[in-house]
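In the two complexes that follow, chain A is the common piece, with chain B as its partner first and chain C second.
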Partner chain A sequence: MKHLKKIVCASAAAVLAAAALTGCGGGEEKSDTIKIGTDLEMTGNQAAYGQDAMRGAQLAVDEINKAGGVLGKKIELVSLDNKSEPSEAASAAQKLVDEGVVAVVAPNMSSNALAAVPILNGAKIPSISPGGTNPKITVDENSGKVIPYSYRACFIDPYQGKVMASFVADKLGKKKVAILIDNSSDYAKGLAKFFTEAFTAKGGTVVGTEAYLQKDTDFNAVLTKIKDLDPDFIYVPGYYQEVGLILKQARAMGITVPFGGGDGWDSPTLAEIAGADALAGTYYSNHYAIQEDNKKVMDFVNAYKAANNQEPGVFGALTYDTIHLLAQVIKDAGSADPQKIADGLAALKSFSGVTGDMSFTDTHDAKKAAFILTFKDGKPVFADKISAD
Partner chain B sequence: MDSGLITQFIQQIINGVSLGSIYALIALGYTMVYGIMRLINFAHGDIYMLGAYVGFFVTTQLQLGFFPALICAMVAIGIAGVLIEKLVYKPLRASSKISILITAIGMSLFLEYTTMYFLTPQPRTFPPVLPNTIFHLGDVIISFQQLVILGSTVVLMLLLWYVVQYTKMGKAMRAVSYDTDAALLMGINVDHVISFTFALGSALAGAAGVLVGIYYNTIDPLMGIMPGLKAFIAAVLGGIGIIPGAMMGGIILGVVEALVSGFISSTFRDAAAFGILIVILLIKPTGLLGKNQTEKV
Partner chain C sequence: MQIIKSLRKFDLALLVLSVAVFAVLEVLIDMRIISSFWRLQIILIGINVILAASLNLINGITGQFSLGHAGFMAVGAYVSAIMTMWYDLPFGAALLIGGLAACIIGVLIGIPTLRLDGDYLAIATLGMGEIIRICILNIQAVGGASGLTGIPRLTTFAWVFWIMVITLFFLKNMINSTYGRSCISVRENAIAAAAMGINTTFAKVLAFAIGAFFAGLAGGLFSHYFSIAHPSSFTFLNSYNYLTMVVLGGLGSMTGSITGAALITFITAALSDYPEVRMIIYALCLILLMLFRPQGLFGSQEGSLLLRRLMNRRKEAKANGSTLGNN
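For the complex of A and B:
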């Protein structure tokens, strides 16, 4: 494994050298645009997310270029497709390094970002994953050290557990919570753990913790048990497919208390499976929400709609912010040199985007508030904005 | 026992029986094919998945109701089952058991990923074709859909029992199951019997697919894996190759799962299901209704 790392680093270095050489040759071409690479899921399983992200990125670039660009230069997107696969994400990262981009929008899916980041970091090209939530994207698992050139524009998963705990305890005033965990997902287990810690610290009780597995379809038995525990809130930090079934079966069984979860709930399919009625009185935390009374957000939503004839998703918003963030950093640094951009990211004081105001934590995660959404006629709507420490 | 606990117990039994009746429907196909061919058809869970998709397209594209969807799926999947037997298993009939078993696993993966390729891995949601009525019996709750599942399962099982016990084809099936060579010598067309068995077993799995699609209203290309395995356990539990055994095994398994989730821990549910398989294989490998036989080598 170590040997392999060496090879990867060495080849990355060699390619970097080659890129520097070709960069010298094409000097004139380099001077009129600033190349930003995107390594996104344009095809494959997660294509819906990648395309949303790409539309967000393109919209941001168009806006910046229309306003005169950055440092008098236009931004040029070098867009590569990682086909929703880690190996392709790594090879796309390599190609972007070869192209001489100054910064990269890293993949949104954690597994793909994890494959791309070592190559970009090895080449000393700053990268920002707009929506990759796995802690390992910015912190090396073995050494526990922060990866110097890798950032993310979102908070990490455990934060959502804390946010939901404070929403349930402080805003909803609930005391007795039951938790139903997707036992096959580290994401769900992490959320549940941090929810439990934060909620009990606030004086609440977790009356029961039950589990299910992905692809389960029958939750009647476990819900019958939870119903008997008589909780006043049920936390289900799973993914929309099972959550939809859980909500539907729970409401059919006469469980009327509110439910809550994390961004794994965010899909139109949730409403199709559960039905609009079952979604009444449910809440989930997310990175982004359409807020009718926020001009900045609505301007973005309208511009995105005008360009693409559909509403932006979470990844579209996060990627849109990522491009604007890079532009701000380049402007403040007064240079589009990768090292200067990396220094600028490390020193970033604040950036105001459509997903909220943010800065970076010591571990290169975005420090910002989370959104709580609820459902109205089966459609997610903004309910609250909460920040937890 | 206080009354709350009793209510919960009855509720969990109802949950278990409705889940178990689906296992039983799938288990019947496993057991029938095994009874005739001594083949564990691991693609059976995926045949059930295909049934759910046929039901989905009939209800969404053709806008038909519950019964037409059920019948269309049973016919289509019955034909699909025969085709799979003719194209995949028949050429291997003289081969060793292990190569047929591996082929069955390959067939299972083929069905899963071909469906995924053409219909995307995204889950699809069934339209509501049955009313969402809930019945309250004291504190115990039964939904109309649970009753429909249970009713359909019982009717299908009675039909199967009639076919196997009282028709000429059923008699032939029993004969082939008892001794293939002797049946052949008696002038029974074994190929026909095998095809018929596949058609019948697959049609039942197709029906189970539609019932599950309607009850849980979501289907995806990998939905057959877990129920397929659970149905296999049910078939072994009741005694593989024995039709009433599959029904019994399915219901017992569903009830055990519900009771374990409800009264011990939901994390032990699958462990209990697979634990049953291990225990039954250790104590009574022929299953609850099986007779001890020495295998002729």
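For the complex of A and C:
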């Protein structure tokens, strides 16, 4: 009898499991909401970014629904967690497809987005990665063709090199630049390459290029070499850990010329490592900046602060824009059909968001201005807004 | 002879059963009755079963506490991906090479570390798994921190299912062979086993190598399904996850490993709608299971054994009943 009980229990469990399996396969039903999926890093290593992004998305959805929704329907967010892992990102994307979402906010971390995009593209669901900068997210690396349903709401890394070059040449009026590259990162090499090309095209000279490796701590040797070159600007497109030490050691050595870098600088830790004094006269490019005199941006910042009791980060702002962008495309297309949304994205003329006005390039990257930030008392502040062309 | 015959019959029955299961699932998938999310989960269950069963050979059968399974999986994932991407090898050959590469690493690492036991071995294998991951993280040729992308999506349900069946069949026969029994003797009492003339180091390294081989196969299936191999998929947390499957099912029980892998993958998937509370519920499930079944769902026994015992008892009861009736 005891065994019989066990068998009954086991078969009951099996039946339940089977019911759950098939139960989830139901067809699409017509609903009075527009379902937009999010596949974000809610837990795991990059949870801080994912949660910032999610708060931005939620804020945008609340605003849209409060204003009456889109096409008379409310937007419903289907939020899934990808645990900051590529396999989970793929699994979440698959689930979103089953849920019948019309568009997806793809993961912000490039590796996760790369796993999710093939599935969404295969299902012909348009996806936008708010902050994934890897070129392969929108362009298939084997065939070199653009992935038709995949977009990003930010510019790709090399663009920052161009932007910084025009800022240094036109706004700061500098002519002799030295570059210090993080040789262990493709990101830094890409930025340096595009900076050099754009800067020499503008008539400037790159007087020397030196290199370091990630996790280096003593930069006195390379800095001495650079000091001897006597540049009037130094470009360091690395990450904040090393950049912080470089700035500190350079200032201690008596190098007083301005420094510049990319969004790898964007971390509160930079000021902790370098110290507020060393950061005076340094600039970096980024996707987003809090502009005190821009009403649209400040409204967003204040609404975000009111809802979450903290300041929005880059991913929060980009994801907020992504949702508003999708809402605009759905409204213009007059339909929430995934194919219509994809067509709308391809034909998008312009969209005005808190990270600037944008449209899409041929490779589905956002075409928009980059922000240049400088430091005031160790805090990044808006300095300029630059578009490369 | 009688026993061997009945064993063969049992194998045949298992094979028929797996063909039937495959046919049913394949039809369900083809007819799109199972939604694509659960299709993905079924494939994931298959891959996890291979991992759990091969880890069970090391941890459960041989009694060596290894925490580096994700490392072997990573080797298989990357090597097989390189084979299909750079050398255009057919998928089967690439998988095999991935498995063999993991196996070689397993032997190389196994020979020095398997002299340790208990906690020391656990720490050494944990370190090994991390070393493999960090090496990959710093090899720019395979993508470094951004992962190896653009891997062709070759893994299908059929590949996963049949490799899983082959794995289970191999492991089952291996455990019942002389080698398997020497592995079990090492688990039960290494000193006594050595005194009986069993080469305990050989048994340990053998289990380690075979376990690593199948983990490598699973890694190849994994990277060719998600078309990306990324270091973050092979952290020690993943190793813990596979260990959890094995312990949950019951250390030393293959049926347990299968159930554990299926159950944990299922729970994780079913809770994906509740990202905030997912880990809490998941942990609660584990705590409850461990409270009520500290030896794991199956203990160290096999499902088939339980079934056979049950049937025997029925038969006995029937026999008793009939004799009673005759009387």
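Note that the second predicted complex is superposed on the first by the 359 of 389 C-alpha atoms of A that agree within 3 Å, B and C clash if a C-alpha of one lies under 4 Å from a C-alpha of the other, contacts with A are read in each partner's own complex, and residues count from 1 in each chain.
We take it that a residue touches a chain if its C-beta (ideal position, glycine included) is under 8 Å from a C-beta of that chain, and two chains touch if they have at least 3 such contacts.
If you're wondering where the values come from, they're calculated on a predicted model, not measured in any experiment.
In the superposed model, A:G244 lies in contact with chain B only, and not with chain C. Once the two complexes are overlaid on the shared chain, A:A60 sits clear of chain B and of chain C alike.
In the superposition on chain A, contact of A:E272 is made with chain B only, not with chain C. By the touch criterion defined above, A:A252 reaches chain B but does not reach chain C. Once chain A of one complex is fitted onto chain A of the other, the partner contacts of A:A221 are limited to chain B, with no touch recorded for chain C.
Using the contact criterion defined above for the overlaid structures, shared-chain residue A:N183 touches chain B, although it does not reach chain C. By the document's definition of touching, both partners, chain B and chain C, reach A:N45.
When the two structures are aligned on the shared chain, A:Y212 is found in touch with chain B, with no touch to chain C. Touch counts on chain A: comparing chain C and chain B, the chain ahead is C. When the two complexes are superposed on chain A, the residues of chain A that touch both chain B and chain C are 45. Residues of chain A touching chain B in their complex: 45, 183, 210-213, 215-218, 220-222, 224-225, 228, 241, 244-245, 248, 252-254, 269, 272-273, 275.
Looking at the complex, you find that chain A touches chain C at residues 3, 17, 20-22, 24-26, 42-45, 79-81, 84-87, 90-92, 94-95, 97-98, 110-111, 114-115, 118, 123, 134, 136, 140-142, 184, 186.
Listed in rising order, the residues of chain B touching chain A in the complex are 4, 8, 11-12, 15-16, 18-19, 121-123, 125, 128, 132, 134, 141, 143, 212, 216-218, 220, 222-223, 225-226, 257-259, 261-263, 265-267, 269-270. By the touch criterion stated above, chain C contacts chain A in their complex at residues 28, 32-41, 44, 140, 144, 146-147, 149-150, 153, 222, 226-228, 230, 232-233, 266, 269-270, 272-273, 275-276, 278-279, 310, 313.
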